[in-house]
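One chain, subunit A, links the two complexes that follow: it is found with subunit B in the first and with subunit C in the second.
Our next item is the complex of A and B:
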């Protein structure tokens, strides 16, 4: 019963949005607006569910893991979640305390992790980016031109680098990206159709 | 010598790269500026909007990518403020509103009137679906702003029902939901011009949208920031950082080159040794 009801709601929500896109009819537009509003509400609930799931997973990790580092990480994560949630809920996300934690811990922490990527990339490039065959050679030369073309020093080295770089982005890259976009579009259409018609039932278990 | 280079400690590479970043920041090289067509088109579009036009800025990014995009945001926001454009900020990424507040505080909008000249509407959960809801009825989707002020009577929204009523959308993006979703929900169906301020890593991904003119302009990371700062004649962090980025790109390519020299030298040595063993 629950499975049938879920499939019916999925079908109805999907078909309303599709019909409203193709036909400019008053009641369909109103129905589409309601479905979109419900979608926003469901997404907000999903965030709450994700938080509960995060707490469950990390409590399990604290109680059952043998690895001390993993336990410490789980405790820190839960403490951060609880502190940020309490401050966010009681004082709001624009309060001074929240801003101190966001600007002083969360933002610099994420920026640091993001910035560290360039160091790992440089080490990986030194050790692994080898011209072992023609494909690897093509990849290396095209990436070298694009990297140098993206910054002014490329033009200083050779005035033709920006033009070659732009050609790589505009022609071979564009062809590949368009193929991927079209493929992804067809895949999304097929996946959506399977979901609407109840062929793909993974979301109802 | 070459075998030593092959076994070089990663920390040495990190140190060389760190020096390559720091030296140009302390002693700028004064490399020539690149102003691509995509940057110029964004500038031209903003320049062509009449005073009082409303521009939606969607801050769809994480704190990790913010540092790369902050100089470009400052340059574009300063240009918009100088032109007297009104900025409607929103976000579909949870950290976006706090970062937008920070970005606005560092721009010329800080001297403008909140609620009339600019507003930060905050975060709306639901990704592309939330974008569609905001596009259809902006005040319905955001009944209050990030600072808990009701949006119903804000002067900035006079005459604005849906996003059809704004003149331009700028998506500041580090991933999805971001540019493709905005094009699908607003750019294509509503005919609103969209430009983006984007991390350098996404430039190749969004190039097809530029060629199809679904994206009017694109400001890629520090390079875009430096170009835009030069266009508005307000040099800032983008220009300062571009030399460092240039040297870092060159250094990574030198690493790849040296790595390959070591690889081929070692391979040649191994071949010689196996040939000698075979002969013996």
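Our next item is the complex of A and C:
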């Protein structure tokens, strides 16, 4: 019964959104807005569940881990969760205190992690560019042109490098990307259709 | 009808009919479908076997996308593969760690794993499973998931779903702990990173076909046939479009903008 109801709700919500995309009918637009609202409500419940999960996992880490650093990290995380929740609930997420804590700790932290990507790219590139076969050789050859085309020294070495680099990006690279994109798009469509019609029941377990 | 979406509706209807018809056609036994073996999918039992021998856990990430929006099908494809992986970890008594970025994916993953362990008759072994919501912030999730892979020394790491700039970080950390890594994404810009850093990679549509390749379900296999027919139609449209536009006609452009 629960499974049938879930499949029916999935179908109904999906078909309303699809019809509203194609047809400019008043009641469809209203129904679509309602579906979107329900989505927000469900997401809010999911966030509450996720927060409970976060607390459970970190309390377990504090109580059972042998690693002192891990325990400290878990305590800091839980303290941050409590402090940010209290400030968010009492002063609102647009208050100065909330923004100072977010912009002063969270944002630089995220930027730092993102910046670390350059080191990961270097180590990955080192492994990828080892010429083990013809494919790896082609990869090295084309990437060397693309990289040299992106920096001023490339043009100094040979004036044609930027043009070759651009051609590699715009023609063979783009052709491959678009081929993958079309395949992925059709695959996503097929997956969506299966979910909509209840053929794929992944979401109902 | 909203202006500019008539051709899209036509394509939507044609593709839907083709996929449903192909599914029915295969289900009725009118055609036997044999799909290409995906080496990434075939390597999954090997990766879990390695984790069993090493006595180390298996890490799984269903990507960073939500269950709504353009990237949602990737998340569902990842969850389909999680069902298969959870069955194997249940069978071999290997600890499974699932890291989650999207709150709405958490119950989906938990239910999928519970179902898999029930089907394997290993409900008691569910205590070995850690499904962790880490953060809904992209790089906070990446840092936390990397920490989990590193601290737990995962013997295998499966990354199936939509990923963005953090994918290289997750895969490189997996490499550092010598994890057997299998990835799959339809986020086209991220495919090169996964191909470079993981042992096997499902590229684009292979992610969607992977779940079908694990099942003998005719409707799933029929959907793959339908996808191939639709791809043929797209290629034909591309060729016709190029020819028509090359001879100076804007007929095709007008048709697409209907």
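Note that in this section the second predicted complex is superposed on the first by the 184 of 205 C-alpha atoms of A that agree within 3 Å, B and C clash if a C-alpha of one lies under 4 Å from a C-alpha of the other, contacts with A are read in each partner's own complex, and residues count from 1 in each chain.
To be clear about the criterion, a residue touches a chain if its C-beta (ideal position, glycine included) is under 8 Å from a C-beta of that chain, and two chains touch if they have at least 3 such contacts.
Computed from a predicted structure; not experimentally measured.
When the shared chain is aligned, no partner comes close enough to touch A:19: not subunit B, not subunit C.
Of the two partner chains placed by superposition, A:9 touches none, neither subunit B nor subunit C. When the two complexes are overlaid on their common chain A, residue A:200 makes contact with subunit C while staying clear of subunit B.
Of the two partner chains placed by superposition, only subunit C is touched by A:186; subunit B is not. After overlaying the two complexes on the shared chain, residue contacts for A:177 are found with subunit B and with subunit C alike.
In the overlay built on the shared chain, the residue A:92 is in contact with subunit B alone; subunit C does not reach it.
Of the two partner chains placed by the overlay, only subunit B lies in contact with A:155; subunit C stays clear of it.
When the shared chain is aligned, subunit B and subunit C each come close enough to touch A:39. Shared-chain residue A:114: touches subunit B and subunit C both. In the superposition on the C-alpha atoms of chain A, the part of subunit A touched by subunit B in one complex and by subunit C in the other spans residues 39, 42-43, 46-47, 106, 109-111, 113-114, 121, 123, 125, 127, 177, 181.
Interface of subunit A with subunit C (complex): residues 18, 21-24, 39, 42-43, 46-47, 49-51, 53-54, 57, 67, 70, 106, 109-111, 113-114, 116-117, 120-121, 123-125, 127-128, 177, 180-184, 186-195, 197, 199-200, 202-203, 205. Residue ranges of subunit B in contact with subunit A, taken from their complex: 8, 10, 13-14, 17-18, 31-34, 62-67, 95, 97-99, 101-102, 122, 124-127, 129-130, 132-133, 136-137, 140-141, 146-148, 200, 203-205, 207-208, 211, 220, 223, 242-243, 245-253, 255-256, 258-260, 263. Of all residues in subunit C, those touching subunit A in their complex are 1-2, 5, 8-9, 12, 15-16, 19-20, 23, 67-68, 70, 72-74, 76-77, 79-80, 83, 100, 102-104, 106-108, 111-112, 114-115, 130-134, 136-140, 142-143, 151, 165-166, 168-169, 171-172, 186, 188, 191, 193, 196-197, 203-205, 207-209, 211, 219-220, 223-224, 226-227, 230-231, 234. The touching residues of subunit A, when paired with subunit B in their complex, are 33, 36-37, 39-40, 42-44, 46-47, 92-94, 99, 102-103, 106-111, 113-115, 118-119, 121-123, 125-127, 129-131, 140, 144, 146-148, 150-156, 162, 169-170, 173-174, 177-178, 181.
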